[in-house]
Amino acid sequence: MTNAQVTLVQLDNYGPWTVTPEPRREADLQTMQSRLFADLSQFVGTREGYVFFTRFDNMIAVTNGMDREDHARLQESIRNRYPVTVSLGVGTGANPTDALVDATAHLQAAGSAQDADRREVLAGQPLDDAERTDEDVRIAHFDVNDATGKYTDELDAFSTFVRIEQGYASLMRALHDDHGGLAFFVGGDNVIALTPGLEERDYRDVIERVRDEADMSLKVGVGSGATATDAGMAAKHALEICREDGTTVEGDLRN
Amino acid sequence: MTNAQVTLVQLDNYGPWTVTPEPRREADLQTMQSRLFADLSQFVGTREGYVFFTRFDNMIAVTNGMDREDHARLQESIRNRYPVTVSLGVGTGANPTDALVDATAHLQAAGSAQDADRREVLAGQPLDDAERTDEDVRIAHFDVNDATGKYTDELDAFSTFVRIEQGYASLMRALHDDHGGLAFFVGGDNVIALTPGLEERDYRDVIERVRDEADMSLKVGVGSGATATDAGMAAKHALEICREDGTTVEGDLRN
Amino acid sequence: MTNAQVTLVQLDNYGPWTVTPEPRREADLQTMQSRLFADLSQFVGTREGYVFFTRFDNMIAVTNGMDREDHARLQESIRNRYPVTVSLGVGTGANPTDALVDATAHLQAAGSAQDADRREVLAGQPLDDAERTDEDVRIAHFDVNDATGKYTDELDAFSTFVRIEQGYASLMRALHDDHGGLAFFVGGDNVIALTPGLEERDYRDVIERVRDEADMSLKVGVGSGATATDAGMAAKHALEICREDGTTVEGDLRN
Amino acid sequence: MTNAQVTLVQLDNYGPWTVTPEPRREADLQTMQSRLFADLSQFVGTREGYVFFTRFDNMIAVTNGMDREDHARLQESIRNRYPVTVSLGVGTGANPTDALVDATAHLQAAGSAQDADRREVLAGQPLDDAERTDEDVRIAHFDVNDATGKYTDELDAFSTFVRIEQGYASLMRALHDDHGGLAFFVGGDNVIALTPGLEERDYRDVIERVRDEADMSLKVGVGSGATATDAGMAAKHALEICREDGTTVEGDLRN
């Protein structure tokens, strides 16, 4: 069992704001969204967490080690520097999916994402320090075998992108439906997943399913730790071993 | 026929850089990538273009109105402020897909994306001012009917994300394979597509296909103009008409 | 005679905002201010202008080549991405000081900087293209002789800063009072001044006055051009000649 | 006695970089410098410290509460996202000036600011947790009485700036020379000073000296705390009392 702490970051009433009083320029929205994500990534990342951009108006973070005060400080920093505010739902659970269900429920209980009166909710309970262990977070870092040689340098850029997206879509479903894991595309040919403790066989099954469904060949490094950074850095090193040795699954696997 | 000018923005030798001398912290990479995209979006966007983040190490821009000097200035600005550099391939063609094939070919001809000696390529030819018209760019702006009510406020955040991703995957393939269009998820429940001149029937077919494949209900506003901003803003206003009138396809359609 | 076009950028009602409903965290204000300046610098800078941070809530830009539409686009971009808005006054004149007096007068005529109802003013008239010449902007780029060896590596960091500030204070007054020039500290040991066409003798007098008043030894490169970037880059190259040849005044001087 | 922990942030070999292989565009340098400062301000600021931009290539931070690991993480984050690196010297002492002398000495001992081989130095010792108290940091927040009415709305923008600069120059010297305090202009008409424990009489003397030397009328709020944020926020609230009551010195003063 893992003990991931997951935070759902939701921009308050964002959709209506983007068209009030009339539609705002797309380039400005894109700039604002991606900088807001970058700021979250830096804030959470230098506290040993991870943030995934997901839909940009709803972002998912792994926040083991961050308490309510840290979350409140983040909300304040956004409010002071952006034209929008964020609500935060914090969840925990026996696996990442359950934790996110919990995090989402806290925000939904407080009102609609497009409720003009629901602003800067901070709901849900971070893990007590006493509950935390060195194996709370498990991260699996996937990439595509020879993506540059097979795709980027060979196909046109959109066809490559379609291929990568299809592989990601297959992988996200396989991990979510069969194993309660949450997989996120993070750029290039990389997917980072927050997983429960899976066995090598599970990862081989997932990779096989992606090969069947999307004709794409993956490898994966797996790490665990007290925080996303610890687990994620271990996963990166495990993935380097895959690269050097030509293997498919490396790292900290459950027996 | 449209005359989109498409620029492929490719980070030079980025994959190797992210693991040299050893893997860099994911949060720093995410911050850096999303800020680089934000800067491109602001630079291109205030020159009436659009940039889509796509894979972040390969981004796709609509750059009608930007000449070689503008492209070179962009490269210089990145070089002066980031630890990475970018190569730019500029393409044009009878439809967006052809334009991107052209843009990609220019970079591939210059070397591999992971060639350490291929840096800051600027290849391909922007449109002459004399060739440009007020209908060069067509933008279709899609969103999901009642995404907040049906998904965001109802499902957990990852399940919503999976649904949005599946709808997007279906839409991107339908537009690309059947019509030579390029569709990009831009956050929330929004997809912006660079399209050739399509008829209302074509958009209805695409929306039907997404309903069948992904059980998701879309609407779309379409605009055209000399630049992405002109076309995109017209598309946004058309989409507002869909929202107000409960219609499915609005805007500047080919007969 | 020069023909600098100067834009005063003033944050609307900023002081009151920083303490409403109660004082905002200083670090957030500093972050927001410096990013807003950075965005202005990038927007104006990639249109061949310069922006100086000055007081951060009042910034001074050299905007030759930017028309009203560019100024309006800048206001829109800020409004869409920041919690504050900006007013812009555009001025021209026989020398830089006169141009800024003109720019300031346009904003003052529209209301107080702390008038809650005065928002996003855009006042004053950019130069007609027909009026513009290749010598409209003159930039003088000063630095301190051996600042690293004499100060940074020798004194404590604040004492160095005090020395640099004193030299700058002397220089700003000398140029402003005697010559109608506007000098701005831009970091390190660098001061960039927007000047009228001065003779070598004038620069020698100014440098002498700084030596007398502040016991600091300067050199200067001077450039002219149609835009701040053209003039400023010429000034930088002239300053490099000073460095190489051990000279004190180089560049494009009036006879 | 106070116990400020001061960190000198020095860009490594920055001057030469700005002109290699030839002078870089000023607008890009300004953008990069101010964003780097903004990132430092956010990193340190959300850890309850303050950073002052000072010369931009040498910045001064109050870092009580940050240990060596935090400092190292900051260096790593900069290295991963910018084309430049930073060295950090950490100092402590009986008053702020002594602390900065200590911080500077650590970097100077490691080599010149323009030594190409001196990169990412991290030297000096943060305070042990056991040594820390709730009165380690004292912050004095000054502003100008009716700056908007007397200057911004009355004089041209540069004349106002000259006045503010002169007031600041006088204040910085008075605090530094007579009291071992470090004063920093932070935008608008605000100066924030890191001070030892001063009496009300000391602040009145300083304000009197600025009135004499620069004909400028100041008020000040003073706070103390375990961190810069605690002390600085108390100082801001004290300054609000000055505003409301028309007083000149408020806050946490030594008897």
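Chains here go by letter, A, B, C and D, matching the order in which they are written, and residues are numbered from 1 within each.
Keep this in mind: contacts are C-beta pairs under 8 Å (C-beta built on N, C-alpha and C of every residue); 3 or more make two chains touch, one makes a residue touch a chain.
Please read these numbers as outputs of a predicted model, since none were measured by experiment.
Any chain bridging chain B and chain C, meaning touching each of them, is among A, D; the list is complete. Look at where the CA atoms of chain A average out and do the same for chain C: the two points lie 43 Å apart. Centre to centre, using the average C-alpha position, chain A and chain D are separated by 37 Å. Inter-chain spacing, taken between the CA centroids of chain C and chain D, is 22 Å. In chain A, 25, 28-29, 31, 35, 42, 46, 77 are the positions where the chain touches two or more neighbouring chains simultaneously. If the chains shown are joined wherever they touch, the resulting network links each chain directly to all the rest.
On the side of chain B, the complex with chain A involves touching residues 8, 14-15, 18-19, 22-23, 25-31, 33-35, 37-38, 41-42, 44-46, 49-51, 53-58, 60, 97, 100-101, 103-105, 108, 112-114, 148-149, 152-158, 160-162, 164-166, 168-169, 172-173, 176, 182, 186-189, 192, 229, 232-233, 236-237, 239-240.
On the side of chain B, the complex with chain D involves touching residues 24-25, 28-29, 31-32, 35, 76-77, 79-83. Within the complex formed with chain A, the residues of chain D that make contact are 39, 42-43, 46, 73-74, 77.
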